[in-house]
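Structures incoming, each one as structure tokens.
Both of the next two complexes hold subunit A, though its partner changes from subunit B to subunit C.
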Partner chain A sequence: MLKYWPVLLVVAALLPLASSSQFLVNLAMLTAFSALLGQGWNIACGFGGLTSFGHAVFFGIGAYAVAIMQTRFGINPWFGLPAAAVLGAAAGAVLGAAAFRAGLRGSYFALVTLAFAEVFRILANSLEITKGGLGILIPLHPALANFQFDDRREAYALVLAVLAVAMGVAAWLRRSRFGARLVAVRENEDAAAALGIPLVRTKTQALALSGAVTATAGVLYAQMFLYVDPSIAFGADRSVEMLLVAMIGGAGTVWGPVLGAIVLHLIQDTARLLIDTPGFAPMLYGAILLVIIAFMPNGIAGLRLPALRRNRVRDA
Partner chain B sequence: MLEVRSLAKRFGGLRAVKDVSLDVPAGSITALIGPNGAGKTTTFAMIAGFTVPDSGAVRFAGTEITRWRPDRIAALGMVRTFQITQPFAGLTVAENIRVGAFLRHHDVTEATARARAVGTRLGLGPMLDRPAAALTVAGRKRLEVARALATEPRLLLLDEVMAGLNPSEVNEIVALIRQVRDGGVTILLIEHIMQAVAALAETAHVLAEGALIASGTPRQSAADPAVVEAYLGHGAAARMARHE
Partner chain C sequence: MISLSILEAGLVNGLLTGGVYALIALGLTLIYGVLHIVNFAHGSLLMVAMFGGWMLVEWAHLDPYAALPLMIVVMFAIGWGLYAGVIGRISGGDDRRILLATLGVAIVLDNLALVLFTGDTRTIETPYQFAVIEAGPLLLSVPKLISFGVAIVLALLLWAFMARTDMGRAIRAVAREPDGARLVGIRPGRIFALAYGIGIACLGAAACLLLPTFYVSPQVGNVFVLTAFTIVVLGGMGSFPGAVVGGLLIGVTESLGGLFLGESLGPIGISLVFILVLLFRPTGLFRAAR
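Now for the complex of A and B:
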């Protein structure tokens, strides 16, 4: 039975679609959304070992892009979605080309990504086109054609669909030549280069792919909540949530972010019931991150559940 | 196949490689030997694009490749191994080799089959599905060679692939290297084990303190007084001559 847990998980994910409980649908939607964010990070950082601490930059670019396009230029968000994904990919390519060409990796790359997201937050706070600190309110016109949803279940179904695509990308990475070469770069850059893998290009492509997926998540966020402001879009806690979800579940695996999102939301919601102090969540995140790094560096997936086997085995 | 001209590299005040020129004819096994710290690995690193030389030139198969990136050099057909083995520790042995096979084979099934064939040929058959981290020193050395071979190189640079192996393992890898050469791959190797160099190489270049001090067959090179001095210290050659 345990062997079929991904099937059970998919069934469990589909159940709320038939439920009339707003609470259940909301919980499932936020969990699936976290899994999507985690998968966006995972594509570059789990498979490619790029330690990004500023992935919110892609999320924010997606969210702001779709919001600005429809409020300013009247572009339908369904068309805004692919445009935002392309912008996310472009941001990944630019950041990657600049950072990797300069030879930045590990904590240096982490600092640069953190700074990159901060710069975007400050820009969004001060520019006129993003309406500064006020943020952008997307006018409410619930209709499927407007990419707005009356019924939470419709929104949830869309999040699930995008999550399925993101997981498809991760599954492709596990099986393809590009993915194998990306993992090789993560494991050992010198050896990868010696075997003919172009380091800068491979890492930049991974970051662009990750940027596109994460920007798409930003679009979904904007359309679900119809509001974007600089700290929602580019805040550091968004970046931390993404890497936390992937790392709890297991970075560099297909199912890791899903498991991570479920566990994180369980912990988070239980904690919220017990202690309802603002600022408690980030503290909790920090504590969880420390525990993960210290005791389970490969996340839940590292615990070797069936169907996750053959994953990252560090030096024995 | 490979022409190295006046390569030089300085690290701060240390002139690691002063002036190295050598040729590796197509189809040959050529050795680069010398005492520890002579600059052999630095020379290798410059040839393969891992270290940018201060001056000098490298031509491979008629193409000027000085200052090229390692991956472009590998794509052109020259691949190195590492003295300190660099496995992809989180991957299986077969997956490690497959990373090399992916250079020429874009199809996943084909690359996997190639990788398993190369691994089996190098005696890694029973270990193919084990994590690379589980390999012994000898196994890791074989993995280095297997990965490089899977890229289907024209010229293979082997950096001390026999160091740390026992005599029977050395014999096995000597036979293997000869077999690789007979398969049409030119080989340049760095080696300390003279018995292996003598058994394999047609030509041995001797490097000491960053400069080539002798070239010839391995036996000629080993008998060269300058080489004896480089290994055993000043005056050693004269003392040895007296004892004979």
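Now for the complex of A and C:
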């Protein structure tokens, strides 16, 4: 039975689509959304070992791009979606090219990503086009043609579809030459360079790919909640959520972010039932992160269960 | 146009604030110099120190400056214990795991404070919090002058400790060459915890110096943490004079940024300095003094 857990997971993910319980659909949607965010981070940071502490920058670019395009220029958000993904990829390429060319890695790369997100947060807070601290409210026109949803199940189905694409990207990374190069860079940069792997280019491409996926998640967020403001979009909490989901589930694995998102939401809802104080659930996340670092550096997906082992990334 | 006297006031004010920034950055640079990781829990530990100082003032009715020596000792113990008991122990000496462990500690501390104290903003009242001294055309805030003076004295003391004492030499030896240090009988594991403790002790002092002029809340660390990172990167990671000069420079940058760019866009000056230095001169102004 345990052997077929991914199948079971997929079936479990599809069940809420047939359910009329708003609570269940909402829970499933938020979990799938967290998994998507985690996968966005995982693509560059799990597979490539780039410790980004500011991934919200891509999320916020996607969310603001689609919000500004439809409220200012009347562009249909379905066209906004690919445009936002391209912008996210471009941001990843620019940040990556600048940072990796300067030879930043480890702590320094974490710092520069943090600062990038902060610059964007301050800009969004100050500029007229983003309506400053007020944020952008997207007018309500519920219709699938407007990328707005009457029924939560439609939104959930879309999140699942995008998550499937993101997991397809991760699966491709596990099998492709590009993915193998990326893992080699993570494991040992000097050895990878000696083998002729172009470090700057490989890492920049990974960050651009990750930026595109994360920006797409931002678009989904904007269309689901119809509101963006600077701290929702670029706040440090968002960056930390992505990192936690991927780290807890298993960085550098295809299923890790999904497992991480499930665990995180289970903890969140149980914690809320027990002690409903703001800060209690996130405190648990931090503690779990410490436990994971101490005992399971490869996350839940790294546990040595036979059915899980196949999904681990081969060591370079 | 901004008049010369406002400019002068902004300059002096920034310089005075920069003193405390320098102290915060000194702790960060010491930890980086020895452990070679950026302590992402720095802001959260400053917040812990500020709550500690706040409790001493509100509950034990101490003057914040009288609480200062006590907070230095308390924060040293917390920092030492945190490294010996948590960060050093769980990370197995792997840089990436230490980095993530400091982030984990930050998340736990920030939210623990939120649980214990709620998100409210707190301030203390002292008889001298609005006191000013007239110096020519300028009005200087007394608590800011005191914090600047004390910060500079503490920075000099820390420098003397590192340069003149055996313990300071041992820390510098481990920073430069852990294996060599082990050969002459120094235990790097202990020195790591010691350096982390001293770095955090700086925050105990900085917290008490900030209390009379600043508020306390569970998020207060975020106000200072990016600034402290910027200072350390600007001054050169691991460099003592770099942290002091960087602290004063950033204090002035922030003050003038607020003056020219306005309240909401002002803080961008620091982030931009930070990114530019990282990209074009990641070694900073001063090369790390070993």
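FYI, the second predicted complex is superposed on the first by the 303 of 316 C-alpha atoms of A that agree within 3 Å, B and C clash if a C-alpha of one lies under 4 Å from a C-alpha of the other, contacts with A are read in each partner's own complex, and residues count from 1 in each chain.
The rule we apply is simple: a contact is a pair of C-beta atoms (placed from the backbone, for glycine too) under 8 Å apart; a residue touches a chain by one contact, two chains touch by 3 or more.
Note that the coordinates shown come from a computational prediction; the quantities given were computed from them, not determined experimentally.
Asks: With the two structures laid over each other on chain A, which partner does A:280 touch: subunit B (first), subunit C (second), both, or neither?
Replies: In the superposition, A:280 touches subunit C alone.
Asks: Does the superposition put A:126 against subunit B (first), subunit C (second), both, or neither?
Replies: second
Asks: A:193 in the overlay: touching subunit B, subunit C, both, or neither? Say first, second, both or neither.
Replies: It touches subunit B, and subunit C stays clear.
Asks: Which partner does A:177 contact after superposing on A: first (subunit B), second (subunit C), both, neither?
Replies: first
Asks: Tell me which touches more residues of subunit A here: subunit C or subunit B.
Replies: Looking at subunit A, the partner in contact with more of its residues is C.
Asks: Pick one for A:297: touches subunit B only (first), subunit C only (second), both, or neither.
Replies: A:297 sits against subunit C, while subunit B stays out of touch.
Asks: Based on the A-chain superposition described above, do subunit B and subunit C contact any of the same residues on subunit A, and if so which?
Replies: No residue sits in both footprints.
Asks: Show me the residue ranges of subunit A that touch subunit B in the complex, using the header's touch definition.
Replies: Where subunit A meets subunit B, its residues are 175-177, 180-181, 183-184, 187-188, 190-199, 310, 312-316.
Asks: For the complex, give me every residue of subunit B touching subunit A.
Replies: 48, 50, 69-72, 74-75, 79-82, 86-92, 95, 98-100, 102-103, 106, 108, 111, 131, 133-134, 147-148, 151
Asks: Going by the contact rule set out above, which residues of subunit A touch subunit C in the complex?
Replies: So the residues of subunit A in touch with subunit C come to 49, 51, 53, 98-99, 102-104, 106-108, 110-112, 114-116, 118-119, 122-123, 125-126, 132-133, 236, 240, 243, 247, 277-280, 282-283, 285-287, 289-290, 293-294, 297.
Asks: Touching residues of subunit C toward subunit A in the complex: what are they?
Replies: My answer: residues 32, 36-38, 40, 86, 89-91, 95-97, 99-101, 103-115, 118-119, 218, 222, 226, 229-230, 233, 262, 264-265, 267-268, 271-272, 274-275, 278-280, 282.
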